[in-house]
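For reference, the structure I am asking about is given below.
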Amino acid sequence: MHLTVYLAGQIHDDWRDEIKRKAEEKKLPLTFVGPQTNHDRSDNVGEDIIGKQPDAYYKDDAASSINNLRTQILMQKSDVVVALFGEKYKQWNTAMDASAAITMNKPTIIVRPTSLIHPLKELSNKANVTVETIEQALEVLAYIYE
Amino acid sequence: MHLTVYLAGQIHDDWRDEIKRKAEEKKLPLTFVGPQTNHDRSDNVGEDIIGKQPDAYYKDDAASSINNLRTQILMQKSDVVVALFGEKYKQWNTAMDASAAITMNKPTIIVRPTSLIHPLKELSNKANVTVETIEQALEVLAYIYE
Amino acid sequence: MHLTVYLAGQIHDDWRDEIKRKAEEKKLPLTFVGPQTNHDRSDNVGEDIIGKQPDAYYKDDAASSINNLRTQILMQKSDVVVALFGEKYKQWNTAMDASAAITMNKPTIIVRPTSLIHPLKELSNKANVTVETIEQALEVLAYIYE
Amino acid sequence: MHLTVYLAGQIHDDWRDEIKRKAEEKKLPLTFVGPQTNHDRSDNVGEDIIGKQPDAYYKDDAASSINNLRTQILMQKSDVVVALFGEKYKQWNTAMDASAAITMNKPTIIVRPTSLIHPLKELSNKANVTVETIEQALEVLAYIYE
Amino acid sequence: MHLTVYLAGQIHDDWRDEIKRKAEEKKLPLTFVGPQTNHDRSDNVGEDIIGKQPDAYYKDDAASSINNLRTQILMQKSDVVVALFGEKYKQWNTAMDASAAITMNKPTIIVRPTSLIHPLKELSNKANVTVETIEQALEVLAYIYE
Amino acid sequence: MHLTVYLAGQIHDDWRDEIKRKAEEKKLPLTFVGPQTNHDRSDNVGEDIIGKQPDAYYKDDAASSINNLRTQILMQKSDVVVALFGEKYKQWNTAMDASAAITMNKPTIIVRPTSLIHPLKELSNKANVTVETIEQALEVLAYIYE
Amino acid sequence: MHLTVYLAGQIHDDWRDEIKRKAEEKKLPLTFVGPQTNHDRSDNVGEDIIGKQPDAYYKDDAASSINNLRTQILMQKSDVVVALFGEKYKQWNTAMDASAAITMNKPTIIVRPTSLIHPLKELSNKANVTVETIEQALEVLAYIYE
Amino acid sequence: MHLTVYLAGQIHDDWRDEIKRKAEEKKLPLTFVGPQTNHDRSDNVGEDIIGKQPDAYYKDDAASSINNLRTQILMQKSDVVVALFGEKYKQWNTAMDASAAITMNKPTIIVRPTSLIHPLKELSNKANVTVETIEQALEVLAYIYE
């Protein structure tokens, strides 16, 4: 049974490549989708497509409208969501995506370091599973096929 | 027409009292509900009710399960959600509540300072309205009755 | 049995007062809700509450975000929707509200002059009932209580 | 990931061919569906299939019932909706389709000239993204695959 | 706990009065709603409100659109549905209402004579409870309060 | 675009073969599904699988439970429903299936002779399209592909 | 804010009276509903209302159809569910009710002795909160009002 | 038409292999999915992936969170559920899965020995079909293709 996995979370390192590579090694029939991972493109896409905006606020709103469309389409096509939290940045997009997924009854795995246990406790409690590493998240996905 | 308003967001100052007081001054037929605002009680409620947990992680999980039950009940009874973001703390609960509300088709107002425009841009774009002050949030609520 | 009726449609004359008055004459247990009927306030509410916007486009978007919040709250509380189309203006808000209501399974009555039969034919076909006058719309509502 | 796109909007020029051609040039894995674009056939399909109706009103109702069945089937199969507004005609079908799509949680892109900013402001605010040209709409769709 | 009961079924005798009287005797906190029980009014309501139609088919369609609006509103307000089948007439409205109720997760009681067991077997199997008399239907409703 | 069509209605003649044959002639990418068309098997399937029942009532209930499971599975997989009414039999199953389909937002075409206009008027009004012949129903389906 | 609480679980002792009494002592604005607690009446209600059945299987099925109608009505009216598991009996009804509640997004509290941790682990994980005593369940409910 | 079948129930013998073998013999286009059937792995998967837990309760909760994620994903992908009850064990997972499936409108077949008629009567009444043997469950599935 083929499954589609939405990878929510930060776009500052190549964790998505790592999880895809591990999935291929295990020959899991998974397709991974996720947000735009080119940070500049993600921030600028509103102006890139719609044109110059009056100031930073409107530039951000234009970009986010297109990013949200992308996320909504891909998350609706997904069977399961992995949401990664790291120690840097606000990461409210990740919290937003994980919460939207849970509310849409998309099974959801949260990945976070133990340093974030306390601030993430309510979201972690609502998710299906919380793990600490990408490797563990993939083991959870692999378990579906055992 | 009477409405119930869920007030999501930080519990470190008395912003909920302020919004309630202003609503009373305007004689708006609003009932406000929200999370536990006693911070210690919120953190300890798991152990308070269920008993001593093995360590901080399990204490947090026990507390969050009860906090989440409360939020789910009160948000399902609400007609509109106001979610306040401030400059301190991770505030992932607030992002989680706002995103859950939006996904459940609960009309949602975000309150945030302009310093948070960029990190909140996607959530702000998904919400119905974003304002900068509690006073403005109440004006939006008051507008429903004009 | 008390019912709440959302009155969608143009805000350029006092048709809502007329329908309310007729309902009172018939002593129907109906509460009527609807959009902001002060046209200037409806157009300016974004700048009134959030502040000056860069240009007309952003002023419009700010106003519409608050108008949409109001409509969403009041329509979700409603049991039935009456949508009035007249011969002037684009009236895309009315079409939007009627279509949203039908898609949400809110029973919907369209009021339109016969001159609009052709351009409204698909929306009219999706609505429960189409009539030509406000008086007829109220007769349909009154029929629920016979 | 293959996506199906519903193209709502006027049927008086060949904008759908243009968007399809551009998608092919970019090799995007998109299937486009939409309403009957033969205007006479769309107006006459009720009488064509069900037979002569008593007058224009009933002819329109018969045609619209079949057009609505087609739209409902194809929109339910779609992952994203593009709704084009032009400067001519009432275009209430387009507003109806866009609003139905948004209410069904189908991600929606509106295309409209700047002259329509004001009358479309509420619908535009509810849609995910609003752009001014078909080219921009396709860039938004292409962004999903970046 | 107060409950609203929709009474679907034929309108050729006073079975609704009987069930209401029995409910009053038992002092059950039930409100009963249902279709128009004046048969002529039900058949003519389209022409009564909208005006003369071209022929019997259009007269029927106009009446049914208003009857369906009434049923949809009242059934959505109901907590439980009682659907009575008798030995005369097609009674497709009753089957339609019962099936709509079951599909909307409205708990449903069917009342039918034993002579109808075979033709009603699939609908009866989908309903919650099937009984043979109005008295029994009321006993089922009364049981909720024991 | 491939579509699945559920063919609800009587099983006393070969109308399903006729519609399938016509669809093949037109090379429409349609798959047709429907109820058990062997009448004896449909009536006996409960006892055939579960074993002898105490009397005719229980035999009918056992059969209908299996027929309903089949219908529910196949209708949930379908994109559109055609429901045929003829002049004989109670046909409450057909009314039940059509009403369930409409309530589940499955686009629905009713086929019925003009002699049934009056008793079917409410169901016909709720369906998307009503036609008089199988040929016409297929033309409606073919129109989706024009 | 008034809440309705469905009390699922065994009917062999007076635990429901205990929880009601404690709620009254704390003056919580809660209404408690639940299944028939007269065990004989619960088992016999099918034959009591519908009449003698062929054997024990059919007697059970008749009773359960009426018990399920009652549960469905009352659970749909409830805001939160408390499900008590004890050490005796199969208690599949309790598991069924708790799982139905969770799937319907009704916030759910499970009460069970520690001896049942292992067999209830999946259901407990899906519920919002699991406690060991009725007193604790009531403390969780009381917490909503703090 | 290909269907996916979720096989809920005990994992102490090879009943799933039996049903798969019989389906292959009949050349039915069915894919079967289900829970982890290695009992030790199912109990230990939490610690296997997430690491050592403080005691048996937390070990169970960690395992069940991963088992529930697996079940939720596979059940959402399934078209029909078969739930087997045997004479041993609490089997609350099976009751939970069957009740969740029914509440999600997944057609559901229960398999249970006659000795369990009484304790399973409410769940059996809510399911579509109840049979006594795996062979019979497969005959019900095969009937969909007749």
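The chains carry the letters A, B, C, D, E, F, G and H, assigned in the order they are written, with residues numbered from 1 in each.
Quick note on the criterion: a contact is a pair of C-beta atoms (placed from the backbone, for glycine too) under 8 Å apart; a residue touches a chain by one contact, two chains touch by 3 or more.
The chain lineup, named per UniProt: A, B, C, D, E, F, G, H = YtoQ family protein.
Remember, predicted model here, so these are calculated numbers, not experimental data.
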Common touching chains of chain H (YtoQ family protein) and chain E (YtoQ family protein): F, G
Cα-superposition angle relating the copies chain G (YtoQ family protein) and chain E (YtoQ family protein), to nearest 5°: 90
Fraction-based call for chain D (YtoQ family protein) against chain C (YtoQ family protein), same above half, different below: same
Rounded Å distance, chain D (YtoQ family protein) centre to chain G (YtoQ family protein) centre (Cα mean): 49
Centre distance in Å when chain G (YtoQ family protein) and chain H (YtoQ family protein) are each reduced to the mean of their C-alpha atoms: 23
Chain A (YtoQ family protein) and chain H (YtoQ family protein), separation of their C-alpha mean positions in angstrom: 31
Mean-CA-position distance for chain H (YtoQ family protein) and chain B (YtoQ family protein) (Å): 39
Residues of chain E (YtoQ family protein) whose C-beta touches two or more other chains: 65, 68
Contacting chain pairs - touch in the sense defined above: A-B, A-C, A-D, A-H, B-C, B-G, B-H, C-D, C-E, D-E, D-F, E-F, E-G, F-G, F-H, G-H
Footprint of chain H (YtoQ family protein) on chain A (YtoQ family protein) - complex, ascending: 1, 3, 79-80, 105, 107, 109, 128-129, 131-132, 136, 139-140, 143-144, 146
Complex contacts: residues of chain A (YtoQ family protein) adjacent to chain C (YtoQ family protein): 54-55, 58
Footprint of chain B (YtoQ family protein) on chain C (YtoQ family protein) - complex, ascending: 4, 31, 33, 36, 38, 41, 45, 48-50, 65-66, 68-70, 72-74, 76-77
Chain A (YtoQ family protein)-touching residues of chain B (YtoQ family protein), taken from the complex the two chains share: 56-57, 60-61, 63-65, 67-68, 71, 89-93, 95-100, 102-104, 114, 116-126
